[in-house]
Amino acid sequence: MLHILLLFSFLLSSSPAAAKDFCVADFKATQGLAGYQCKVPEEVVVDDFVYSGLNVAGNFSDISKSTINTSFVDQFPGLNGLGLSMARLDLSLGGVIPMHSHPGSSEVLLVTQGSIIAGFISSNNIVYTKTLKKGDIMVFPKGLLHFQVNSGPVPALLWSSFNSSNPGLQVLSNALFSNNLPSELIEKVTFLDELEVKRLKALFGGSG
Amino acid sequence: MLHILLLFSFLLSSSPAAAKDFCVADFKATQGLAGYQCKVPEEVVVDDFVYSGLNVAGNFSDISKSTINTSFVDQFPGLNGLGLSMARLDLSLGGVIPMHSHPGSSEVLLVTQGSIIAGFISSNNIVYTKTLKKGDIMVFPKGLLHFQVNSGPVPALLWSSFNSSNPGLQVLSNALFSNNLPSELIEKVTFLDELEVKRLKALFGGSG
Amino acid sequence: MLHILLLFSFLLSSSPAAAKDFCVADFKATQGLAGYQCKVPEEVVVDDFVYSGLNVAGNFSDISKSTINTSFVDQFPGLNGLGLSMARLDLSLGGVIPMHSHPGSSEVLLVTQGSIIAGFISSNNIVYTKTLKKGDIMVFPKGLLHFQVNSGPVPALLWSSFNSSNPGLQVLSNALFSNNLPSELIEKVTFLDELEVKRLKALFGGSG
Amino acid sequence: MLHILLLFSFLLSSSPAAAKDFCVADFKATQGLAGYQCKVPEEVVVDDFVYSGLNVAGNFSDISKSTINTSFVDQFPGLNGLGLSMARLDLSLGGVIPMHSHPGSSEVLLVTQGSIIAGFISSNNIVYTKTLKKGDIMVFPKGLLHFQVNSGPVPALLWSSFNSSNPGLQVLSNALFSNNLPSELIEKVTFLDELEVKRLKALFGGSG
Amino acid sequence: MLHILLLFSFLLSSSPAAAKDFCVADFKATQGLAGYQCKVPEEVVVDDFVYSGLNVAGNFSDISKSTINTSFVDQFPGLNGLGLSMARLDLSLGGVIPMHSHPGSSEVLLVTQGSIIAGFISSNNIVYTKTLKKGDIMVFPKGLLHFQVNSGPVPALLWSSFNSSNPGLQVLSNALFSNNLPSELIEKVTFLDELEVKRLKALFGGSG
Amino acid sequence: MLHILLLFSFLLSSSPAAAKDFCVADFKATQGLAGYQCKVPEEVVVDDFVYSGLNVAGNFSDISKSTINTSFVDQFPGLNGLGLSMARLDLSLGGVIPMHSHPGSSEVLLVTQGSIIAGFISSNNIVYTKTLKKGDIMVFPKGLLHFQVNSGPVPALLWSSFNSSNPGLQVLSNALFSNNLPSELIEKVTFLDELEVKRLKALFGGSG
C-alpha cells in the first residue's frame, strides 16, 4: 500500500517544492534581476505566506492627510517571484494620495470605506476620473500618472493590488522637489517658474 | 505659446492612447491568445476602468454556504491586457470556498470581515494552513490547490487579487463530479471507491 | 588572414557564451526565482546538455502500476533557464498515471508504445478524453487536471514534454491524503465523506 | 538534385514565414493586446522593414526648442510584435526634451551631435544626471521620469531606442496642463499653487 | 443539492473556458502577433487537442536521406497560445538533418530508434557534439546552429520538442542557396568562393 | 512641513530603489538565468548608467574591413535586467558585417554615415534586402540570418539596438570554421565540398 506513496514521493523529493511552486525571499542572500534568491525549502513556513502588517494604518502626514502601508516583497517574503503585491491606503477627511506612478506595474484599487475621486492620465493627455464609493474597483494602467482624493465626509480606506512583487512608486512632488536636482534644470524641463520651484523645494526638503 | 502643445500633440496624435497605455476589451470582436481586441480609443470612457459589480454578494449556496463574485475581464473590460483582476468571496457561518486552483495565476487574499482558515498544498504535498483575521493577507502560489473555511462566529468577507485578467478557476469537486467523466475512470485515477464517486456525482450533477 | 578571426574572437571573448546562449545550472550555488545560477563557462561540457537517465523505467508501484521518470532541471542541468523539460511515463497492463496537474506548465504527450485513454478537464468542467495509439500526441493546457490510463493489451510507453525547466507536479491523491491536512477540513472542502477520507489517508500515508 | 529543396520547401510552405519570423502590422485590421494583426505573408515587402522617416527633424517648438520624431509601430509596421522601436530627438541651442516617462519601456539614448545634460529620477527620489557628449549612451530604466537639456554651443542630435514597439510617452507638463483636469484637483495632488496651475494651463492649452 | 452546482456553474458560464484555459486556433480568422484568434468555445472538441499526423514519416529526400514531419500550430490547432510543439525526424542510413536554427525557440531531442551524432555551436564558436543512442535526450539552446547525423547501422527516429507553438526553422543551405540572393553578396558575407556558391545554388535551386 | 516628506520617505526607504527600478550588474557576484545579481543600491552611481566606449571604432580587420564595438551588459552594467543594449558598427570602403544571427534578440539598425546594402533571410528562404542611406533604419527579426555590406564611396557608420541586455552573436563563418568541428561533419550538414571547407578552416583558424 505504500508503493504509490513511495513512487511519487521519490519523484518529488528529488526536486524540492521551493523551486517549482514558489521561491520565498531569502533576505540574507543577494538580490537579482527579478527578486531575491530562494530560502531553502526546509526553512519555509506558513508565516512566509501570510502578512499581518496591513491591519493597521501607518502614521498620517499633516500635509497629505494620508498614509500608505505596503506589503511588497521587502515586507512579505512569500511574494517573491510570484508577481503580485498589495498596499493599504488610508485617507483622512480631505486627505489625498498625491499624483504618482508605478513604473511597469498596473494597479487595481478597491474602496472598502468612504468615497473618493480617483483618476489617471493617458499618454495622449486624456483624463479618466471618477467618484468611487464602497465596493467599487478601478484599474490604473501601468506606468501612468494617477491620484486619489478623499471626497466624502468620512475617512477613506483603500486597498491596492499590483501585478508585481515590487511595483515601485514614483511620487511626482517628491521626485521633483525632495532631492538636489538643480532648480534651474527643474524649471527648464517642467516650465514651472522659479519661485514655485523654490517654494516646493522648501516644502519637500530639496536643495539646489 | 501653443507651439509646444502642438509639438507634442502632433507626436501623440499619431499613435492613439489605446495602443500604448491600455486595450479596453471590445466584446464584439474575436478573442485572441491573451484576451480581446481593443475598443477604438475614441469610444473608451472612464466607466471602462471602473467596476461596481463587487459591492454586493452573489446568491449563496446551501451546500457551500458561500458565493464568489468575480471581476475578471469578461465582467470588467478595462482589465483586458493589463494582467490583473479581482474577486469577492462571501462565506456565511460555516461556509467554505471548496478546494480549487487557478491554472497559471497566483492569488493574494485579503480578509476584511470575519475569520477564516485558509491553506494551500505544495507539489511535494506539504500543507500550509493558517487562521486569518481581519486585515491579514495570504498568498497562494500559482496553480496549487487551496481552500478557505469560515472559522469564526460571523460571516466572512474576502477579496482575492490575481495577476491575470482571466485567471481561470478549477473547483475540484465540480471538475470530478459535475460532468460525464465515466465513474470507472474517476475511480482508477483518484482511487476513490465506487459508492463515493456515485454519491458525489449525484450531489454535483454528473453522469456516467 | 587571422585578422577576422581575431576581430570576432575579441568581440566574443569579452562576453562569455554561458551568459548569452545558455546558463547551465550550478547545483552548488543558490537557487533563484526562475532557476539556478550559471556554471562558469569554462566548466561547461557537452554532457551538461545530454541526459541518459530516461532510457530506463523507474520502479513500478503495485497500486498505480506505473512509474514516472523525470528529466527536469534538477536532473538535467543544461535545461536551466531554457524553459523546457521532459519525462518518461511507463504504464504496465492496467496501469494509470493518477489525476494530476502541473502548476503553470503545459504538456505535450507522445505515445511510442501501447494504447491509452488520456484526458483533461477544463475550468468549466468539460471533459476532453480520447484513446491514443502509437504515434499520437495530445496537448494538456497549463494547470488543468489530467490523467492517463493504459487501455491496451501491452505496456504503454509515453513521453511528456513541458514548456518549463521545472514544471512541478501536483498529484491529487497525494495532495489530499499524503499529509497532515485535518480530515475534517478535507471533508469540508472536498465534500468527501469521513470514512472515505480516512480510508485514503491510510492508503496514502496521511495523518490527522 | 531538387529533392532536398522540395523536402524543406514542403515543410516550410505549410507554415508561412509571417507567423514564425515576424508579424508586419496590418493597419486595416483591428488592434489587439500587444499590437496589430499580421499582414498576409504574400503582401510583405522589404519596405515594411525599412523606415526613412527619421532622416529629417520635425517642426521645432518655440518653447521647448526641440522636436521628437518617432518610429514606433504606427509609423513603422515591420516593428509589430518584435518589441523594439526608435525615435530621433533634435534640440536647438538651449532646447530641452521636457520631463517625461515611458510607461513600461526602458530607453537607451545615443548622442551623435552636440552635448547635453540628461538625467532620471529613481523611485526613492535619487537623481542620476550626467553631461553626455558625442558617442556617449545612457540608459533610462522603465517608467521613471527623465529629461534632456542641450548644454552645448551647437544643436544636439539624439537617438532613442526602446524595448517596446509602442513605448508610449507621458510628458509631465502636458499630462497636467493640456487637458480639463480641474485646477483644484491638480493643486491638491501636486501641491502646486493656484496661480501657477492657471499660468501653466494657459500655456499648455488646458481648461478647468 | 443542486445549489453548489448552480453556484459555480453560474460563475464559470460567464467566462467561457476557451478564454481562460486554452485558445484553439481558428484558422479562418486573422493571425496576430503570437498566434491565431480563438475558436468559439462551443466548437472546441477533443480532436483539437490530439494530433495523429506524426505516426508516419514524410517523403525522404535523396540528398539528405531524411524527412521532418512537424506538429506546429499550423498542423495542430490546440497548441495555439500554449507555447510548445513537436516534430518527428526520420533519418535513413547515412541521413542527416542539415545545419539549421530555430529563431527564438529551444529544443529537446529524444532518440527512440538508432544512434546519431548531434551537436550545436555556441556564440563563441565552441562545438558541443555527442553520440546519442536510444533513450538519450539532448537540449539545443534557442537560436543556435545545430545538426543531427545518423551514425548507426539502422534508420534513426527522433522526436523534437520546442517551447514555442510555431518555432520557425532556418535551414542554412536553403537560406543561402534556395533564393535569389546575389552570388556576389553571398560570397562577400560568407567568404565562400564563387564556384562553390554557384554549385550550391544549382543544387538548391537558387538564382542570381 | 516635513511630514509628507517623512511619510513617503519612510515608505520608500523600506524598499530600496535598486530592487524596484533597476538592477545594476554586480560583476563580482554569480551570474544567473537572465543576468547578474544587483549591486547594492548605496554603491550605484550615475556612471553605471552611462557608457562612453562607443565613441571610437575598434580595430579593423583586413578581411572584413569592419569592426563591431558592443555595449552589452558585460561592458555596460546599468543595462542589466533592462532588456536592451547597443553596438557600433564601422565598415571601411568595401567592408562587410558577415552573415550572422542573434539568438533570440531582434535588432534595429540606424545608418548615420555612408550607404549600405543590408538584408535578412526568413525561415522560408525569402530574402529581404535594401540599400540604406544616412538616417534610414531597418529591423532584423529575432534569430534570422542577416548581413550588411558597405555599398558607398565612403566609410559607413551604423548603430544597432537590441531588445536584450546580452543579445549574443553567432557569426556564420566563425561558427563553422573557427573551431574543431570535424570537416567531414561540416560537409555532411552544409553540403559544402571538402576543399572549400578546408580552405575556410585555414582562413578562420579551425582544425579537424
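So that you can tell them apart, the chains are marked A, B, C, D, E and F in the order they are listed, and the count of residues begins at 1 in each.
Here is the rule we use: a residue touches a chain if its C-beta (ideal position, glycine included) is under 8 Å from a C-beta of that chain, and two chains touch if they have at least 3 such contacts.
The model shown is predicted, which means the values in this text are computed figures rather than measured ones.
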item: Chain separated most widely from chain C, comparing mean CA positions; value: D
item: Furthest chain, CA centroid comparison against chain F; value: B
item: Chain centre separation (chain B, chain F; CA means) in Å; value: 42
item: Centroid spacing, where centroids are CA-atom means, of chain A and chain F in whole angstrom; value: 35
item: In chain B, residues with contacts to at least two other chains; value: 9, 12, 16, 20-21, 32, 34-35, 63, 98, 103, 119, 122-123, 125-126, 129, 141-144, 168-169, 171, 173-174, 178, 203-204
item: Those chain pairs that satisfy the touch definition; value: A-B, A-C, A-D, A-F, B-C, B-D, B-E, C-E, C-F, D-E, D-F, E-F
item: Touch list for chain B against partner chain D, complex; value: 1-12, 14-16, 18-21, 23, 26, 29, 32, 34-38, 80-81
item: Chain C residues within the chain B interface of the complex; value: 63, 96-99, 101-104, 117, 119, 121-123, 125-127, 129, 141-145, 147, 149, 168-170, 172-176, 178-181, 185, 188-193, 196, 199-200, 203-204
item: In the complex with chain B, residue positions of chain D that touch it; value: 30-35, 58-64, 66-68, 70, 72-75, 98, 103, 166-169, 171, 173-174, 178, 202-205
item: Contact footprint of chain A on chain B as seen in their complex; value: 9, 12-13, 16-17, 20-22, 45-47, 49-52, 54-56, 71, 76, 78-79, 82-86, 106-108, 110, 112, 119-120, 122-126, 128-130, 132-144, 159, 161-163
